[in-house]
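Structures are listed in the sections that come next.
Note that subunit A is present in both complexes that follow, paired respectively with subunit B and with subunit C.
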Partner chain A sequence: MTDKQIPRQAVWWLLIAQAAVLIIHIGYLPYGIWAVAAVIFGWRALVHYGRAAYPSKLLKTLAVAGVIAVLYASFGRQFNLEIASSFLIAVSLLKLLEMRYQRDAYVVVLLGFFVLAVGFLFDQGIRTALAGILSAWLLTTAWIALHQNPLGSTVLAHRSWRTGKYAANILIVSMPLMLVFYLLFPRMAPLWTFKLHSGEARTGLSDNMAPGDFSELSQSADVAFRVSFGSDEPPPRHTLYWRALVLNLYDGRRWTEAQRHADNLWVGDQGLQQFRQGDSVSYEIIQEATQKRWLYGLKYPIPVEKGAGLTVNGVVEFREPVYSRMRYRMESYPETSWNQYFLDNYEKNVSLQLPRHSNPEARLLAQRLKMRYPETDKFVAAVLDYFRQQPFHYTLRPPPLGENDIDQFLLQTRRGFCEHYAGAFVFLARAAGVPARVVTGYQGGEWNKEDRFLTLRQYDAHAWAEVWEEKKGWVRVDPTAVVAPERIESGLEQAVAEEGSFLEDSGFSVQKYKDISWLNKLRLQLDSAEYYWQRWVLSYDQDTQKGFLNGILGIADYKQMLKVLAASLVVFFTVATLILWLKNRPPRRDPFMRQWMAFEAKARLAGYEVEQGEPPTQLLQLIADKQPAWRARLQWLIKEINVSLYRDDQQPGRAVLRELGKLRRQLKTQ
Partner chain B sequence: MSLPIETIVGQLNQVILGKELQIKLALACLLARGHLLIEDLPGMGKTTLSHALAGTLGLEYKRIQFTSDLLPADILGVSIFERQADSDTGQFRFHPGPVFSQVLLADEINRATPKAQSALLEAMEEGQVTVEGETRPLPDPFFVIATQNPVSQSGTFPLPESQLDRFLMCIQLGYPDERAERELLEGRDRRALANALKALVSEKALRQLQGLVNKIKASSSVLDYLQRIVAYTRYEGGYQYGLSPRGAQALLRAARAWALVEGEGKRNYLLPEDIQAVLPAVVDHRLADAADGGGHSVSQSILASVPVLV
Partner chain C sequence: MAFREAIQTRWRQWLDRRIPPASEVTLGHKSIFILPTRTGWLFAGLLLLLLITAINYQNSLIYGLAFWLFSMGLAAMIFTFRNLAGLVLQAGHVNPVFAGDVAELPLRLSAQKKRLHEALVIGYPDDVSVVADAAAGMKNNVNLSYRTWQRGWLNPGRLRLESCFPLGLFRAWTWVKLDFRGLVYPQPEYVPFVFAAGEAGDQIAGMPSRESGQQDFHGLRPYQPGDSMKIIAWKQVAQGKGMVTKEFDHDEGASCWLDWESLAPAHTETRLARLTGWVIEAEKRHWRYGLRLPGTEIAPDNTEVHRDQCLRALALFNLTGGEKVDD
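Entry: the complex of A and B
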């Protein structure tokens, strides 16, 4: 390849495109890399203006070392996808510094496309997709600009927009091809699944619970999952307890899940049969990646999908951690009495377990209440009454608790978030000999009326309790609902409105400005767009594709699918060629020209040929010379054609056409 | 109205033997108010043609022999101090140069230096001459016939493209055919014959003829053809540069005059044949590839490549 210069206006496109690609990685890219990027963009711009030189070899080596140092400082010694991708981005940025000739620019553009594709490993939401389209457009524009005349830098700056338009046209034209590939290209399950995120960066429900966890989680407005009930209205809000996991082991501070042997864990088919009692609610959930195995469901869910199962605790687990966004269907039977059978000895022991010698005051309180109200339901009501009557306060800023935290909470501070109430309640129940456990998940959600789906965000995370009643089985008890009914009825924002602590740590968030109606409307619409994107675009996986192709196109196997794919490509390129041909074909000829062309062709066959540039009458003259019998007719034709075409400036009349036709038929092919 | 074109052409044919096409082109060029460049070897009848043309049309005629030491003043004229008789006083009087005539024969124009050439070419373009701060109009009609030897001959200053552009047509006379040559050898001295020609048209009639050129109608079909030719020279023909808009106008003007000459006043519209007839004379010297002498192929390839009807 020759060392061709980069056209000057292309440099801007290259820089802008590279910056746009970075934006896709905004979610995890460390600050250090942004600083590196700023320096490099600035430097390259200075080089562009002739104010700085390209870096020397030594400097370049130092820069690579510096980038590695920055990455080490940001990530430490771990290795995961984020650090790999950050390194890729860093070196592709460094490439800008030695982008001197056209071939360097090619490398930059191709790297840009690669980095763009890597971005979709992290996030495939609609915003990322839009940013991806924008970047692809900019990269294509830069690519085209690379081939433009290097002279027109500032004088012809307006031409840059034409380049952009050209690139946009290319992308738009290739859309059908993209759709065909989207629909038809075989979707294989990934060859390997890997953990994308290092963990702590991601907020979400954890598999254990300690005081303070939930109030921290409630600072995040990230989406946890979305639910649609088909065309149905959702069940009333106060029943929307989305179960994720059951925590039944208590170590004095932290609630965790007791491990059960797999044989006793899953509810078998027989159990599921008994389960189906009364009305059912069916719904579809699109769940964000959690890196955990649990799925969400209302009391009590049966997964419709394969690979997920119901445990004896009434929660659903998937066969593997949910590493990427997942869509599944659930069925719930709120009326079922099935759960009453599930208290085996093991479960009973676990559900009464408490660490020794802790929280003496709370134990005393529980025993006193139990003495007075020996029946379980009465006892539960009495405990709830206690929460109601004492000055308990629902707050996102609970004071820190020391040893014997439950004593301290119940008798002194009396300020807490849901996990405090749920934990304290289960402690009291167990201390009174009533089997009880903590359930965590989400409660409520925001109903999008227009597009009919429910969004649950991290701040909807909730913890409540379940107690075992002899006749009824496991019964849900939510002490938070007693202390702060508005949390259950209208959500966290209302519940802490007075305190003003809703999302106070999360900086700017549109969630905070629900009062501004247009902003809220916009937010809801963006939310809907995201939902539909997930539901209709991202969830098109292997199974959906199979169903779609089978149902609509009648394609059964991969062989057929590839055939259809190949056929679509052929059709696409044929249509494209046809359109190009139609656009560039010569204009439709008028009747005289058609007649004349036919005559000319026939005359050629008959051996009368004139050169291309000869005037039309030359051919007639030639024939007249060879066929004296026709001379008069031909002379008349010559005169008529010349007079109408060149004097009167109009098409020769019918008589001329007729005469031409007659002559044509009389010409004898040799 | 019967036009004297046939008689003019007839009389010229008697002087210049066997060169009817060139005679008609020269006449068309004059009727189109354009200047004519005749490029050929010495002794081919260039001067005789211009003599005969001027004589037949009854125009005043002057001739300059261009040489390498010719100065602009030799062409344009000069002011000379004249003493009044019997007195010590006097004044400058302008002595007009040969340029102040209706037909100017600039013989061997490429023998002169560019300085002298440009003095003439300015007069051709402007129709007036500025000498010593005073602008003097040239007579009307003002018609320059320049002759030049092929550039390859020694001692020539080739005219640059911009100056070649000022000539509406550039024609070559070429050797006469055998029959004409024999007649030439047998007959009288042609130069003397040319000098003895009598004028066939008045100046007024000539102006009228020139006016008729503009009345020749160009239909859209013919203009389409002309534009195809122009586009071909610009984008397809592979020439260094194509016909300029002035070149395109010149082609149309020349074709109109040709239609008048060829149709002898009976046809008042343009045919593609008219354009084809004048194309070599108008286009060849304007396109770069033709300037290297002997380049006839330019118009030939245009004619062969551009279809008349599409």
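Entry: the complex of A and C
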């Protein structure tokens, strides 16, 4: 293959398409790469205008070294998806710079599509998808422009726009087949596990808790997960405690989790059955990536999704960290008797563990209350009364605490967020000899009435407590609900309305303008769109596919699926061929022309032929010379045809056609 | 070798049946061939890579992208085919050329209503190709180059029209045999005139001397191919003034016969080449010249029509009338 030049009009399309692909990676791409991109775009544009030369070999080597230096400076020695993708982008940018011939441009376009696909590994939201469609369109346009007449034909005005339209045309035409393949192509489990995952730190719960963590998290309006219930109405709001983690170890400052994965009951284990007692609530959760293993569930959750397991603490874990958005089903059995799951010695010791010698005043308070109320439930009520009666404040701006933080909080500052209350409560309970632990997760959520789903955002993050009561098991106690009942009943925004601290550090956010009704409505609608997108498009996996195909199309197994795929290919080509054939049929000639061409063909076989450019009647004259018997008929024909041919308004009549036909049949082939 | 030739012959016969020669050809299902290009295979590789990524990361959008590109690849086949389908090729009139020169073959491309045919690469296998577009309602004339090599009626064989538009994944092409009507004169060879002596009518009053360059010096003119070495002004050439030829008095009105027999015993094609050279030379010198070939005699004259008549007689000598020389 010879080195074909790139048509000039294609270069701009290539640059624009490449820029569009970069925008999808905007979330994590380091500034250094943007700088590299700016230099390369500028340089390539100058080359296009003949103002700069292509980079020399030395410069190219330097550029590669420079890019590696930039990547090292931005990421250090870690290896994750971000650095791999940044490197890929840098390579495609360098290729763009040195792109000179058509085959270079092919590499740029194909790399562009791959970079686009890599962008989807970071986010699959509806906005990313739309940006992806735009990029795909631009890449296709550049791709087409690459094959256009490099001389920039004068025949075609408004070339660029036409190219864009052509690309859109191809994309739209291929859409039906794409959908068929999307739905029917057998989804399978990963062929092998990639260790390459995003290393981006996401805002969200962490696996430990210290005072101040949750008030920080509450500044984020990012979605944590969405839930839909089997019923049209969600359970009452004050029961919506979404459990993620149980923290039962305390080191005097920080609460952490004592891990006992070995005792997990995984989906498929017989042991899970014993908890399915009484009525159940089933729900479906679409969880954002957390890079952590926990899943969310209401109290007494039973996982139903393969790969999920129930821990001894009554929360659900996944077998591996959740690296991308995940959809799973859950059940909860509020009436189950977890008593069978009795508190073993280990568990009891852990749930009473406290560091020695800290917070003496709190210990004293706890012991005093326990003396007066020896029963656990009375004791709990007394502690809650204490929170209720003393001037405690629920605030997003808690003052910093020093050593003996619980003493300080309980007796001096008395201003805190959920983690302060939960932590202090568990401390008091343990100090009084009541097994207790901290539970973190989310509480409440925003119910979308129209589309009936619940959205939980980071500011719904919550921490509460659980105490062990004989015969009842672990009982939830939420001291925050006592101090700020509106937090539980209406959410954080209402609870801190007076303080005005809701999302105060997060800059612009539509969440802040819920009282502007049209804006709120728009926000809810966009939210619904995102939800449906996630539910139906992104979560289309092996199981969903099976259900969909079986339920709607009645396709039961892979064999049938493949048959339908093959059939759809056949249909695609048949329809396309049919359309092509219909569109390409030569325009029907008028009856005289058809008759004449047939006559001419026969005459040629009979040995009569006229030179190009001679009038058609010359042929008749030629025959007349050879066949005197037909002379009169032919003379008449010549006259008739001449009259009609040289007068625009008249077609030769039926008699002429008939005569021509008769003559044709009488001509003898040699 | 014989095997290859046999295959080529079969191929040619098959093509002749499938796309018969004509002065106007409309491209359709019968005449268009299509196969994936190397880029097409590269693209298939990308699709596989995308599919594996989608499976291993369980990523719906990458699945979507992979299937979309796959469908686009299939659609590209149809679009590439469509880019040629319906295109009409018409042969135009070809001006005569001398064998060995490049003939310009005017080709008219016409598109049907609302149709557009882009980036068509058209050319004869061994000659330079041109790139052209064709849109409905526009004049799209392109000139093809064809290097002639044999006298007689022009017979350029099949031309190749191909296009990878729009995505370069598939190449659609066709081999079309268009009847370009045109004459190829023998390649002129310039040798000094030889006139048969002694025969009556050979030499008429004002006969030029037998050898050129012996007349009175008249002036200088730029060199023209075919000028004898003897009449080149070497002094001027040496001074760096370029190739200049000395011109001598014209022998206007002189009359002569250019005779086939005077070139005996040379080979037929050699004789024709030399006679062609003579015709051109005599025309240039404004002689009245006649041409005698076995079976043909053209009376002396000096007009363009006369020259064309002589050259045509030379071109078609010994070829059955109107028939083409097979290549």
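Definition applied: the second predicted complex is superposed on the first by the 488 of 670 C-alpha atoms of A that agree within 3 Å, B and C clash if a C-alpha of one lies under 4 Å from a C-alpha of the other, contacts with A are read in each partner's own complex, and residues count from 1 in each chain.
Note that in this section a residue touches a chain if its C-beta (ideal position, glycine included) is under 8 Å from a C-beta of that chain, and two chains touch if they have at least 3 such contacts.
Since we're looking at a predicted model, the values are computed, not measured.
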Contacts of A:Met593 with subunit B and subunit C, given as first, second, both or neither: first
Contacts of A:Ser501 with subunit B and subunit C, given as first, second, both or neither: neither
Which superposed partner A:Pro615 touches (first subunit B, second subunit C, both, neither): first
Subunit A residues touched by each partner, larger count belonging to subunit B or subunit C: C
Touched partner set for A:Gln635, first subunit B, second subunit C, both or neither: neither
Which of subunit B and subunit C A:Ser74 touches, first, second, both or neither: neither
Contacts of A:Ser206 with subunit B and subunit C, given as first, second, both or neither: neither
Partner chain(s) touched by A:Thr239 [first = subunit B, second = subunit C, both, neither]: neither
Touching partner for A:Arg647 - first (subunit B), second (subunit C), both, neither: first
On subunit A, the residue positions that both subunit B and subunit C contact, one per complex: 586, 612
Residue ranges of subunit A touching subunit C (in the complex, touch as defined): 1, 102, 106, 110, 113-114, 116-118, 120-121, 124, 128-129, 132, 136, 140, 143-144, 146-151, 153, 155-156, 166, 170-171, 173-178, 181-182, 185, 187-188, 190-194, 324, 537-541, 569, 572-573, 576-577, 580-581, 583-584, 586-587, 612
Subunit B-facing residues of subunit A, complex: 586, 593, 596, 611-617, 642, 645-649
Of all residues in subunit B, those that touch subunit A in their complex: 217, 219-222, 268-273, 276, 302-310
List of subunit C residues in touch with subunit A within their complex: 23, 26, 28-29, 38-39, 42-43, 46, 49-50, 52-72, 74-76, 78-79, 81-82, 85-86, 112-113, 116, 118-119, 131-135, 138, 140, 164-168, 181
